[in-house]
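The following pair of complexes shares a single chain, subunit A, combined with subunit B in the former and subunit C in the latter.
After this line comes the complex of A and B, so read on.
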């Protein structure tokens, strides 16, 4: 019997024969991770044995100009699809499962549960901020060897966490990249959901949660039979393999859907916690700050403050970086309070409004992140073309492009594209905010009143981004 | 599908379309340089 598609779902990709066979193939994740690891091998070799000059070392340029810049793009299109191919967790998974791709029966892990107080995005956010801070402060892009040690450190961390804690606890509670992947994936036009809720309700075995001979239990410790958001789903397709009823679908759906789900059921669940919303708000402060510190305006501000206060540059940068996040949270809190007053309805507290509306700002956070990366990807990123001919700085010329100077797009065009992208982010966030308000209040007037302080804040932040982006950026190298 | 849904889809297509096409510019430039040189 044909299953009626849920509102907002356009196409179940599992209805396509070859796609379904591919998703059910046990070798899928192993193959993608092996490709990722091969790239990683090149980066390690380049970092350890190639030239120490970052600009001429493919390890540095691939990591910081291409991979780091493309990550938000992949989330916008394919949710947490990156996680399916992520090489960081691959050796940890193989060790934990004592198998490469087959379904093993033994485990090397102690399989402990992560302590309750850590079951949120707190540690991920802290590690992401440390990575972000280190990247700005120590010019990681210019140090291929340090990049290798950082990556190996994360590999080791993933292995240790996986050998002590159950399943992919690293991906769910530790991975610093996960801190941005999780909120960004809510906007994606791709989702993994159950096909027919009734079939799952009547299912007695719950193989997606327990695992069976065809696959592992959900490594992210979610319940695929009741999944209703992208936040934690890494699209590893284990549930596709284990489901005895073929009841898992991978849908192309209405974008931004998880941000303004119809009905409040989704938003009332404990899992959309304060920590996820705090990440969105902190990013709203951290991204423009990161952009600002690459400009001459920050250079002169930093020079006058370090001279005036008698502190060194790293201390000043750290304090300003932390302050930006804290200020962003307080401003958002203030606007949430105003929104509560404006809505005139005591059923929604300030904290609840903070959590909901922070999600609506995610599209603006993505657009500002992506817009910032245009500079790395399209201006600095062109360096990858000469680098491919001489990846390690050994003086090779494999494709005849060594030493070439390539310009992909002029800085003026890149700048205008950045403004356009912020414009789209602004529209998308405004749209998500409006739909969210309509879900909270059926009356349009009340919905507008509750969203008006947030709309003013959105306009202010978008204008600030535009101003920051209009200041010429200094190159990293 | 309501007009509100269409508005959301239009914004997304503009947004993602722009971002993805810019990423493709880089990919195209890389392949072009490998095949025909700079």
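After this line comes the complex of A and C, so read on.
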């Protein structure tokens, strides 16, 4: 029986022979992780033995100008595809599974379940904020050796978590990068889903959850047979390998489909949790603040506040950084309360509205993150070209580009690209809000009333982003 | 597949060995008129608080210049912290750091050497003087501290010890 394509899905890549063989190949993840680890090796070597001047050290520039800036872009293109190649979890996986790529039978782990109170995005968000804060306060980018200590610390943490807790608990509940990857992946034009729900319903073995001789049980502890959004799927393709019915598809789909989806059923699942929504809202506050603190406006504000209050710069930055997150949550909470009042219907409480509408802001959050990173990637990132010739600052000139001054795009073009991206995110968020409101209420008037406080907030945030982006930004180095 | 992995690992090992060799090579050079000045340091990047041996080679028309009185004025560049928009750019901007002069002695024809301890990490500007004439300005990055090997060892040892303990527990439980 032919399987009908879901609305918004353009193409199942598993219908392409070579792609299917590649996804089913057990060596796929190992190969990608090995390449990632080789890069990591270079970064670690550069950090420990290369020049201590960050801007001339390829370890610092690749990490903070290329990788860190590309992360949200990869989410837009390939969902959590980065996680498939992530080198941090590689040694942890190999040690836990006692195998590099083959399906092992034994595991080296206590296989404990993560305590229930930690089964959310809370710890990830806290670690992400700490990383973000440390990056601003301790100049991680400028001091290559600190990048190494941080990277090795995360390797170590990933291994310890994997030895104590089951499967990829680190990726699911601890990884600080996961805090942005999880919400952003909802926007991606790629998804892993079942081909035919009926086949999965009739499946008695549930190999995707239990594992078999061809592959491991889903390491992210989700149910691939019922997966309906990208939040946790790391595209490791274990379910592709284990499914006895070849019922897993990897689809090219309409972008933002997980957010625009019709019907409220998809919002009521456990995957849409308060912690996921809080992350989205905190990002709405943290991204423009991070952008602002790289401008001269923040410099003069900080100078007058430190002078006036008699506190040092680190304390002030920490307080302001925490306040932006808290203020963003409170403003959003206030708008959710107004929206509930506007809707005039008690069937949806303020908390429910907060959780659901926060998802509608993800397109704006990701677009602002990407827009901010254009600067790092397209203006500052050009330094990578001379750095490739002299990666460690030893005075080499491997490709004849050492010391070259390269401009990829002019600041005006970058600025216009930033405004366009914010505009796109604003429209996508507005549309998501409109669809969400119509999903909640059949009467258009009621839908518009619940939507209006959120729309005002969306316009306010987008205008604020545009203002911040219009101020010339200082370089990271 | 095995061959591929072995090749990859060999390549990584050879690259690492190649990169590790050559400590103390030239860090910076400059040409001023007829003078060519090459600076090298041992260790390659000095560590704050530790003595470093600086060597400056001065050549004129390809020939080493002998018997000179060579002095170096050392000054830390301002703004080596925060979002350093001014890092490594100018000496005048930000808080002006104190400059210190020290002299070098001729170790071999045209090569002048001396020991110096940089107090802080960051980027320093070395102004090379031939007598009273400044012949070049060279940049030298200085590490903030030595590599924290004990910390790195702990980071590696904790998971390995835990893995070992787990392996022992698992095998003992199986025996039991």
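We adopt the following convention: the second predicted complex is superposed on the first by the 477 of 477 C-alpha atoms of A that agree within 3 Å, B and C clash if a C-alpha of one lies under 4 Å from a C-alpha of the other, contacts with A are read in each partner's own complex, and residues count from 1 in each chain.
Following the convention adopted for this analysis, a contact is a pair of C-beta atoms (placed from the backbone, for glycine too) under 8 Å apart; a residue touches a chain by one contact, two chains touch by 3 or more.
Source: prediction; values computed, not measured.
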(message) So in the superposed three-chain picture, is A:330 touching just subunit B, just subunit C, both, or none of them (first/second/both/neither)?
(response) neither
(message) Output check: A:428 vs subunit B and subunit C. Expected answer is one of first, second, both, neither. What do you get?
(response) first
(request) Classify the contacts of A:19 with the two partner chains as first (subunit B alone), second (subunit C alone), both, or neither. (result) neither
(request) Using the touch definition from the top, say if A:467 reaches subunit B (first), subunit C (second), both or neither. (result) neither
(request) Go through the superposed model and pick first if A:382 touches only subunit B, second if only subunit C, both, or neither. (result) first
(message) Can you tell me which positions in subunit C touch subunit A when the two form their complex?
(response) 1, 5, 8, 12, 16, 19-20, 22, 25-29, 44-45, 80-85, 87-88, 121, 123, 141-144, 147-148, 151-152, 155-156, 158-159, 162-163, 166-167, 170
(message) So in the complex, the part of subunit B that touches subunit A is made up of which residues?
(response) 4-5, 7-9, 11-12, 14-16, 18-20, 22-23, 25-26, 29-30, 33-34, 37-38
(message) Touching residues of subunit A toward subunit B in the complex: what are they?
(response) 8, 66, 70, 73, 76-77, 187, 189, 254-256, 363, 367, 370, 374, 377-378, 381-382, 384-386, 388, 399-401, 404, 406, 408-409, 417, 420-421, 424-425, 427-428, 431, 435
(request) Sort out for me which residues of subunit A touch subunit C in the complex. (result) 27, 34, 38, 41, 45, 48-49, 51-53, 55-56, 95, 108-110, 136, 139, 142-143, 145, 149, 152-153, 155-156, 159-160, 163-164, 293-294, 313, 392-395, 474-477
